[in-house]
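Here's the structure, in structure tokens; my notes come after.
Per-chain residue numbering starts at 1, and chain names A, B, C, D, E and F are given in the order in which the chains are listed.
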Amino acid sequence: MFIHKKELQFQSKPDRPDPVMARKLQEILGGQWGEMSVMNMYLFQGWNARGDQRYKDLVLDIGTEEIGHVEMIATMIARLLDDAPVNHKEAAYESDPAIAAVMGGMDPQHAIVAGLGATPRDSNGVPWSGAYITASGNLLADVRLNLTAESQGRLQVSRLYHMTDDKGVKDMLAFLLARDTYHQNIWAKIAKDLEEKNGFVVPANMGEFEVTDVNHIHYNFSEGDDSKSVVEGIAPDGEPFEYGDKPVAFAEKPILNPGPPNMHATKDATK
Amino acid sequence: MFIHKKELQFQSKPDRPDPVMARKLQEILGGQWGEMSVMNMYLFQGWNARGDQRYKDLVLDIGTEEIGHVEMIATMIARLLDDAPVNHKEAAYESDPAIAAVMGGMDPQHAIVAGLGATPRDSNGVPWSGAYITASGNLLADVRLNLTAESQGRLQVSRLYHMTDDKGVKDMLAFLLARDTYHQNIWAKIAKDLEEKNGFVVPANMGEFEVTDVNHIHYNFSEGDDSKSVVEGIAPDGEPFEYGDKPVAFAEKPILNPGPPNMHATKDATK
Amino acid sequence: MFIHKKELQFQSKPDRPDPVMARKLQEILGGQWGEMSVMNMYLFQGWNARGDQRYKDLVLDIGTEEIGHVEMIATMIARLLDDAPVNHKEAAYESDPAIAAVMGGMDPQHAIVAGLGATPRDSNGVPWSGAYITASGNLLADVRLNLTAESQGRLQVSRLYHMTDDKGVKDMLAFLLARDTYHQNIWAKIAKDLEEKNGFVVPANMGEFEVTDVNHIHYNFSEGDDSKSVVEGIAPDGEPFEYGDKPVAFAEKPILNPGPPNMHATKDATK
Amino acid sequence: MFIHKKELQFQSKPDRPDPVMARKLQEILGGQWGEMSVMNMYLFQGWNARGDQRYKDLVLDIGTEEIGHVEMIATMIARLLDDAPVNHKEAAYESDPAIAAVMGGMDPQHAIVAGLGATPRDSNGVPWSGAYITASGNLLADVRLNLTAESQGRLQVSRLYHMTDDKGVKDMLAFLLARDTYHQNIWAKIAKDLEEKNGFVVPANMGEFEVTDVNHIHYNFSEGDDSKSVVEGIAPDGEPFEYGDKPVAFAEKPILNPGPPNMHATKDATK
Amino acid sequence: MFIHKKELQFQSKPDRPDPVMARKLQEILGGQWGEMSVMNMYLFQGWNARGDQRYKDLVLDIGTEEIGHVEMIATMIARLLDDAPVNHKEAAYESDPAIAAVMGGMDPQHAIVAGLGATPRDSNGVPWSGAYITASGNLLADVRLNLTAESQGRLQVSRLYHMTDDKGVKDMLAFLLARDTYHQNIWAKIAKDLEEKNGFVVPANMGEFEVTDVNHIHYNFSEGDDSKSVVEGIAPDGEPFEYGDKPVAFAEKPILNPGPPNMHATKDATK
Amino acid sequence: MFIHKKELQFQSKPDRPDPVMARKLQEILGGQWGEMSVMNMYLFQGWNARGDQRYKDLVLDIGTEEIGHVEMIATMIARLLDDAPVNHKEAAYESDPAIAAVMGGMDPQHAIVAGLGATPRDSNGVPWSGAYITASGNLLADVRLNLTAESQGRLQVSRLYHMTDDKGVKDMLAFLLARDTYHQNIWAKIAKDLEEKNGFVVPANMGEFEVTDVNHIHYNFSEGDDSKSVVEGIAPDGEPFEYGDKPVAFAEKPILNPGPPNMHATKDATK
């Protein structure tokens, strides 16, 4: 169960309206790696958690924090949309170039659909999708995904940070940078703990079933061997890497059986 | 530029047809973490790579290998669909229960749309999406994603391995398990190299801009402190973790400005 | 069965070409609440209608009218695209700012994909989706949705009305405003008739099954009680509202069973 | 900002595992009208609210409650998935019919992707989409949508209620039925208040601009006049309805200008 | 503008209810190549047509007919859903195998969402998408697409024809087979007319710009030359085919410039 | 199995950076008819091919070539993004109009998400979808789709050719124009061979089942008979066309049975 506190976790006031920046911020709200993704992903991981209750609690703590991040960015977007040129009536050809540029660069749905509010979409207006997230039930697989999400997410925040000189926006992004730093650290720490306990490879207990003679070899699928110097030494799971100069085809050319006539309806593809 | 070799990388012959298993294998072909995802992700990462050419070569090697994995699984699916009950004419109510179960459990598009072939979709028929992948231009962010993809992917392969006793299918899955083991190892190895060179947090050069007093603290967003024992010691980036017993609201309750009348059209929400 | 009349229901001639306005009009053509949505929604509701044939006829009347609205807006978009700067060859950096603004603000698919015609997409180019509509088989649930669609739709038309001074476009929008006024009225009228006949709550016959002691209470899920004054008096179904100062947790903290080992593959999450 | 309480709002324990019911419950979790939709919709409406703070508070209260409903259903799904036949190895043809039926009727992603947990998808595995929701900034338009969502949602809950005899599942659904009853009442009450204050038609201030002679007329777009008796009396906005026996074409047949030659590339379609 | 006639173009009455067949028919209603696709595609092509008015009329004729095909199949699906086991209450494990098979094989949304009616989705429940269709403005490109749609569509109808022995369903499919035969013929006939008038290659007027020395050569991108005997003789545009034994790389290995530091944030990928 | 050659098939170097052109090129990379579509479509068709091995080889040859086309365009996009104004900090209102126009016209995800690289999306940022392609198992249906894809694709390339005066971009497009010319020719040639062998209509063997008296008639679904002169003479399958002045309704008005009460819950729609 959840409770709402009216205060924001961090301030969300820009120095000036900027509808084009509002559009760009949609990426870290409703994009593939935005706050809606981490919020929903951590909540589902917590609800589905079948193991150690400490992790269930922790992932729900952070998921709950992320709801507040969505709130914070949505509020910022609404404020950046103040004074958007929504009532501008001239055709773009005849407009003042500055206004025309804002109209070209802003998200038209911010005005037409959302009445100057945030939308659950990315910076190109593509709706957020449940397919962006995963709660697999395997804790190590999932914290690796979480570490990834915080890495891609912080990267996007850092890029946005360099795209504006609005101090209010920069302050909020600086706060998000910091929280993402913590989140990268905690997910990596848990990953390391689990790797030490269960082994490096996910999932832990399949080693006996796999084709072990190809599980540390790099096949060189191109001409030249530029990649060779990367693949050397001991792999994280303790076995040595191997470099295969050429890919190997372990099977012959596949020829499929003909199908039933009323499926394929051409003589040469049917029985 | 790419060249096709007619031979398969590994064998793709099931012991018996099994249209229900064919549907399940669609998940590792066209699902969020299937082979189409790693194939396209690595190829885009390689094509977009602006830095060290050794990594560009390596990621293209593995991306090229993955095209062959899509081929291998597609071939297996086509063979598992042999003898699917596509010409069965009775209503399910009146059918032999075994046939009815196959018809209920197989993907109807395998017969109606694809003529007993594989589709670029997941085990529920949802089309593969470009939104499953990322090539961010930041190598560390991307290899973390790659490690994640190989972890989620291998997890799914391992689950499928336990869902059949068909030796041909198991052999192919055992081969994929092994390749995913190598791939997890190589992405983790590169991640470690880059962390040592550029620092642990992605992206590397934003530390000076962030709100440093909240970048290692866990806020406890729930009652009780089950999560406390997880957040202790030194974080991967070398700073100590901190545990905040309660979340802090750094900003007041947000109140948005009223909007222009012809946007909101109700008295209390407009200027 | 349907018949086409070549004449348009209303005129669709702009005073001047305006490719940026063409893009904006896509929202009311192929967006979530555009004419494709009401057209398809009413047609499916009519085709699926199992009850009173008068409603089946009425919803098909209006659905058929909406096909003509899609036609009208598509025609307007095609005309607004006349003289779009599709053959402009200079890079945006070096262009005349007015042309560059048009190029930035128009939908590139209007030129590249559709050859200066309308597309079945919204103002950001997202394809129309069957998931925008519902035909539930419950007439009251569906006319409430229809009233909503006409409300959101008319709101968008009204916003677009204020975004242009082109008299031809405004005239067409003024016609759509009027039809949406009628449509809001008729759906609300039917809703009222059905509420009087079957009861206010949808669906009608579940009252006996529900947990009646929580079916008129508002739980205050935040600090402060700003919302209190809204929740007072008698509810539309005739029972008094109640204000619960605090949310109640009727159940304990959930702990899930461990799963089978080959699903989760880590010791602490498995049996 | 949000806080998590570990207790559930209502109990989520089925009497027995039932993976097929787990799949069906996905519809009210991640479907078009499921709890993810109302949760996200109310939160976005609250965050974007520019007007009366009492409504902002109220919609956030209910949005916050809905996060707990997602939690409750996700927990139920995870428990219904206990003992799903995930390790069943025989082909469907050769299986025990009861097991084969469960395998055919359950969602394969529950096992392969989510490790016996809930997913952010509907009962056919289609991912939840941000396009399911709207926060338009017009309060009356939005509460009409909210009333609709609670009507469609409660309808689905009621149907599921009749699809099982598991007392634990029925109890949870009975609780949801009750909450949806309250929610339908409160949204309808606010709609009525706003209609009285601002007028019935959304948006309120466009009457002067519309083509008033067609704003209360029904056009009969089909043969026969079954629909006539529905369209009579006074409309909700106080004007009388009118019944137009035949549709009127106010404009002539549209002929588009030819396009530029390098767009259409065929002689008869270009200038 | 469109008019509805209450009669169906062809009968839509099955001999018996069959919810599993209802699901399969969704493919030709709301799938990639279903009737919603041809209906919307032809209508948009007609509305966007800038050239010869005879083609505009013809494509709108057929588009209008297709609305009636959607109606016909939707009606059939609703009837096949009569007596679906929607009130079955036992868990699948404990059910009668025949009922369990129907429950496993039917679309759960038919019951939960649509109340025993058709949905705008395919046989796996994926919503119909505007991305399935194209109206390009080039008539030859579009009639080739139309010929394709009628070919893929008729293929699916023919497969469904063999999947049932219900005479009512077969009769409707036999009617659709016939209409698709006509439609394939008419699109092919128009294509041939246009090829004779404007030339075979689409678009017509680019020959002077292309790299003519590679515009009739097949490059053999694999080992062996199985494909050689296919590529011989005179091509449809009158030039002879050529067989290139090996692919040619006309350009060197690409090396991208480093990017700006705050984009990539790792030393070796930045300026 | 596939091998990567480091050289590009054709050069991909623009004369100058142009981020707006980069966005437009996304259409032929990741759009409905872009190179990702033909690449994936031909590969799936090849892998699923059950008939004549010569066609399997040929379609895989061309599919393999198309992987190289994706590579070529991705490389071009990355180079066009050099010097995009990603670090521009002023709000659009206050910017230099030339920079503002570039910012408005470029794809924000090119900077925020992809770090100046190509994305698997179209020119509006919509992700590439597996639903764009088909491998039906019927060779004639599929080569007709392939011919269509090369026609729509070449049309888009030709339009882009006229949208720039950058010689490097034009050269690459001129190469693609030529390859598409070959591909249109080869697919049409195979189609003709198959039509001669199996008959014109797809699929070949259903003639006996269809309602033959309506399989060559055009029904005039609109007023006037503009379309009449198009439908005359002998159809491609050898039968004469017929022109039906009016559509015929072969069936009466459909009335559906009432449903079970707990599905529809209103008196008049239930048994």
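Structural remarks
Criterion: a residue touches a chain if its C-beta (ideal position, glycine included) is under 8 Å from a C-beta of that chain, and two chains touch if they have at least 3 such contacts.
In this text the structure is predicted, and so the values were computed from the model without any measurement.
The chains that touch both chain E and chain F are A, B, C, D.
Listed by label, the chains that touch chain B and also chain D are A, C, E, F. Ranked by separation of Cα centres from chain D, the top chain is F. Where the sister copies chain B and chain E meet, the same residue numbers recur on both sides for under half of the interface positions.
One copy, chain C, sits rotated relative to the other, chain F; on C-alpha atoms the angle is 120 degrees to the nearest 5.
Here the spacing of chain C and chain D, counted between their Cα centres, is 11 Å.
For the pair chain D and chain E, the distance between C-alpha centroids works out to 28 Å. With centres taken as mean Cα positions, chain F sits 32 Å from chain D. Those residues of chain C in touch with two or more other chains are numbered 1-9, 32-33, 48, 50, 53, 57, 60-61, 64-65, 68, 75, 78, 86-87, 97, 101, 103-105, 111, 113, 115-116, 121, 124-127, 129, 131, 134, 136-138, 140, 155, 158-159, 162, 202-203, 206, 221-222, 224, 247, 249, 256-257, 259, 262-265. Touching chain D in their complex are the following residues of chain E: 1-6, 48-53, 86-95, 97, 100-101, 103-105, 107-109, 111-113, 115, 121, 124-127, 137-140, 194, 197-198, 202-206. For chain D in complex with chain A, the residues that touch the partner chain are 1-9, 30, 36, 40, 43-44, 47-48, 50, 57, 60-61, 63-65, 67-68, 70-71, 74-75, 78, 113-121, 127-131, 133-138.
Chain contact summary for the complex, chain E toward chain A: residues 155, 158-159, 162, 262-263, 265. For chain E in complex with chain B, the touching residues are 16-21, 23-24, 27, 31-33, 97-99, 101-106, 122-126, 155-156, 159-160, 162-166, 221-224, 247, 249, 255-259, 261-270. Across the complex, chain C meets chain D through its residues 5-12, 32-33, 53-58, 60-62, 64-65, 68, 75, 78-79, 82, 86-87, 111, 115-116, 126, 129, 131-132, 134, 136, 138, 140-141, 144-145, 147-148, 151-152, 154-155, 158, 161, 170, 174-175, 177-179, 181-182, 184-186, 188-190, 192, 200-203, 206-207, 209-222, 224, 226-227, 229-231, 233, 235-237, 239, 241, 247-254, 256-257, 259-260, 262-264.
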